[in-house]
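Chain naming follows the written order as A, B, C and D, and within any one chain the residues start at number 1.
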């Protein structure tokens, strides 16, 4: 992660000629997740973004389609733009398909912040990266390697949909990571897609085990997938013999950490992600920052952040949950 | 019998009810919801309605003959990916891409048609199968990739407004096609045949109507139109992906049913379907503007469908009841 | 005669027919003095603008067969449906054993001991024949479970009574109209009802089955049941019934003992005027060969059928029900494919299995089953009547309502189709009027070869005469007419030549001069030698 | 009358063939299923380990229960597209119930789920039977409505395995003699429904209604009441499926069972139930459900690329219905030709 030295607020003014020192009040900030009804986004938006928006006295709202699809998201972007929203905080269902609509919204005066899943850098002002792809890939490989043990063996990936931008980026980075000599004994034998659908993920996990008799570990870098796979493993003869790690929420995974199905998994705090996105949006809309590399701003309780390359703001490294620390979290 | 006749009389004017509903929603929306009166609103509504309308036009004819095609959204998706793959191969002529896509759609429709007509299988079952098959092939073609680097002239061109207006020019294509399909359905011998076979295929056969051949070509037409919608979709969203238009078939079916077309075939008019497409589009966007959450919108869409069939019937029954009571009360 | 008739489908039934019997005339010797078990008083019923029944009255006594006659659309079937609880009258009362009852559903009527055979068969095609007969009142075993075996044996008993060897296990789908009608009869008998209502039960039957049915009806009558019998065939009416009620235009006209009436008198009351002679066949000189059929074979259905029909000729195709006449007609018309043979119209061979080509060559077929094959019930009279001419009525491929309306008006006037509005769906018409629409549909195409399959089934006397006159007229204009009919008098009266089919084979070709009841029936039952 | 005996024998011969054909129809699906399992097992023996069998059975259970309910509706010439949404609603209700009362006995949860499903069925059946409107439209509407209610209720909440009593989750995984407990539920449902449809008057009346609604009305069958009941049963079974879903998957959000309706209809159609009513059996439909889920789990095991899987499912559906049809046509033709040789 890029360390952000605690610089005094004075330096924040560097980006503009007379940049305001604080976020304007009354900004309309709308969160547009991949789909409402997804607990992950409930945590990031309603438990993170909302808190932040209330802190700087903006008007918070969350809206979006009930099923994840880019075209439905476009419709909501159009609506938000017509409603005169100041900041649209969006997790993209497709990095290209919603670009046109986002640019139209920006032309109409809105600032666009992407979080969780990015779009093309050309159609948003900033991207809140929950963790760098490298960071996630490295931590996932490290966790599975530790779980499987020094002898290594075959591993497989259970992903979300085949088109998920962030997932595919992570998987690519994992392959790079696996090429390193210290992981020479780990062999990636397959990638399957559970479509972020609980039942499909469950079946795919089942299929992986039937297909690869020597499978030693599964990485599922998606909250739906890792929970489904954990449930399958915990109810099967493979429990404890086949290792599992991934990105999951503590509440979903608590039972499986405790019963030994899973030794550890990782995740950032989704509420922090939403919180940071809200502050970034507020700063953008107030003219405090322009989204250029090097811009600095303070995100409430999270402290100060610097905008990185391509307008990306990095939340931090993923947090690793184990049996010992899981009870400190509730989300 | 009697109730049916009455229902039909009311259904005949169901088109009128829908058109009035469209006007009412627009008026109320314009007065009560900020933004409905703006030209941008209409741009967004039409952009959304275009692919649904393109598919609903031929599909209405299919439903009137008593069949159904649930694979339309998958044909749309497969077309998108094939278009993307061709672009990756370096085919950069839009007319060529369009021609190949339409041909592909026609072919996919022909496969549906073949299963239904030559093998005599129920279209609902066949197209549930091809729904999975075509969508699967879309994944085979592009896998997890997305093709998004189309030239802006294309992507902008597809959604460019009619000069002087905000409404995209594609709507004129839809309008022309709507007239063509409307005339075929309502004012040609072919249209008469469609209603006849929808009501009683055997009697139609005894009248010299080639039921199977007609249905086959309708499936071909629906495939081609779905492909056209696919090309539009690709360009509008500047993104060819395997999951494009996922689930769109239900939106199309909902519009057709709301439009007063009988799912059993033989009844319904194109004007009603077009009104229903517009009504659903406006309602959805207007309610979104009014901060109605997606979950409530889902409920409203469903309720509208139910009302569209239950309303006329219950009205007919009530009138029936009242009429019967009158003579007996001295 | 071996009973190996060719069959069409796996579910087809094979059965032979018994010997032909003459109608045994005579009426049971009961005297009507008891109070009626069923009485209708001042029943009125309207459908929209159509007043189907107004102030109709009817009395049924135990042990009597009561005939109900009237023109097409007089309201007979509507009255039946009212009795069956399928329609609710707008006004009037129904009395059972002198007590007023409300029949609000068919179940009510059944519970009250009324069994109904509807004019149009109401079978469940997917279910077995036995299940069709006992639906809703299957014999039960312990725990209210259905006793399938009892179901089957009782069905067999019923068919024995009717003298038809129908297989109770076969599905009802694919039964010929006649067999469907027989199942309907068995269904009504199974009810053991006190009151049996039969709406044209014999319209699809030939003499043998009719006679069987009548003997069953007579035994029921002797057992004290009341029977209401509707038919357009006066020989049946007079041979079976004791009293005759005449209806006209939804009104009751008269009820008299059959002995006191003559056919002419009944017809006069029904129609309200004198009717010209039936079968007005004028002699014409036959012209060139119009329709030539050679060696037509459809495996398992008919074999090696060959005949010609000349311009100006009316050729009748006679035979028992199920002889395969309709199948031949359908194959010739291209609705069914055939396995071997040739069909030529004016010397040109028709593509097999291509109805459109047949129509283009000048063929027309009035099919036997108007509901399934002849009409699109949900469409209007106008659309149905012009469906065959939709291309001809179009201009530049476009078709507008006016042209259809005009064309339909001409033909519905000509055939006196009784309907409130040409825009009404044909399903709202009475059976006979529906048949007229089918005729209009095909006559309006100016056919060169006209095939009519049971053209006058369910048609009243007045219209029947009109249809016969039309057929003669068409023949006179040089049309080749092939007429399939189960009504012998019609066959004998109308035909220049009579072809007779027996079990899928054309057995004989009898010229008008030599055709009589005896020769035709002998050939039809497979006993006649070569002509 | 000497013609009668031979012809009658011929008739029952042909009808026996018909019966054999219908038996064969279900056998055909069973055969296809066996073939698929054998091939997959040859390629990968792990497919048929006890664990593999358990997975297969568990996988088909929920779809099979839904298919039974759907069959009951489809034989009456109706269709229930709302089952996926009812399942979701009932599953979420079960989860919420357990969250509120962790000590709730399992039978109570089952009862509540079934009742909730039945209430949804009452809504469907009430609208369809009372207003006499096409089921496809109404249940497409309630598909949206019930799902919308589910969404609104859940509002992004998720119920996790940790929120549910271990006893309940254990039921989702436990086996009796190698057969999962959940599958036992399905087997009971299938057998009861199958027996009922075959041997009780009201069961046969459902077929009569589907075969010809108008005739059913004229025969005095209470059509409205029967159709209503069919929808209530379908709803109740979807509710039961929801509880089973909750037990098996443990994690519940508002999306549970979304998109199931097409799978269910596909299972029923593959199982030989005529989509236009009047014929078909729940055994066939359940076999169809097993076949469909087996395809779903065999393809990953066979190592079919994930991108090809969906296409393969579609192709297999088409193959299944095509094969069924081809068998029927062939049988008809054989019969016709065999009679030709002995015919005149």
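Quick notes
Keep in mind that, in the parts below, a contact is a pair of C-beta atoms (placed from the backbone, for glycine too) under 8 Å apart; a residue touches a chain by one contact, two chains touch by 3 or more.
Here's who's who by UniProt: B = Autoinducer 2 import system permease protein LsrD; C = Sugar ABC transporter ATP-binding protein; D = Autoinducer 2 import system permease protein LsrC.
Nothing here was measured: the structure is a model prediction, and the numbers come from that model.
Chain pairs B-D and A-B differ in how many C-beta pairs are in contact, and the one with more is B-D.
Chain centres here are means of the Cα atoms, and by that rule the chain farthest away from subunit A is C. Subunit A and subunit C have Cα centroids lying 75 Å from one another.
If each chain is reduced to the centroid of its CA atoms, subunit B and subunit D end up 29 Å from each other. Here the CA centre of subunit A is 36 Å from the CA centre of subunit B.
Note: centroid distance subunit A to subunit D, computed from Cα atoms, is 38 Å.
Shown for subunit C are the residues that touch two or more other chains, of which there are none.
Across the assembly, subunit D contributes 147-148, 151, 155, 274, 306-307 as residues in contact with two or more other chains.
Shown for subunit B are the residues that touch two or more other chains, namely 139, 143, 293-295, 297-298. Pairwise, the chains that touch each other are A-B, A-D, B-C, B-D, C-D. Contact residues of subunit D toward subunit B in the complex are 127, 131-134, 136-138, 140-149, 151-152, 155, 262, 265-266, 269-270, 274-276, 306-315, 317-318, 321-322, 325-326.
Within the complex formed with subunit D, the subunit A residues making contact are 36-39, 41-42, 46, 66-67, 162, 191-193, 197-199, 202-204, 206-211, 213, 227-228, 231, 235-238, 251-252, 254-256.
Residues 1-8, 10-12, 14-19, 21, 199-201, 204-205, 207-208, 210-212, 214-222, 274, 277-279, 331-332, 335-337, 339-340, 342-344 of subunit D are the ones that touch subunit C when the two sit in their complex. The touching residues of subunit B, counted against subunit D in their complex, run 3, 70, 115, 119-122, 124-126, 128-137, 139-140, 143, 250, 253-254, 257, 262-264, 293-306, 308-310, 313-314, 317.
Against subunit D, the residues of subunit C that register as touching in their complex are 1-18, 84-86, 105-110, 116, 118, 122-127, 131, 135-138, 140, 144-146, 165-167, 169-171, 299-300, 303, 503-505.
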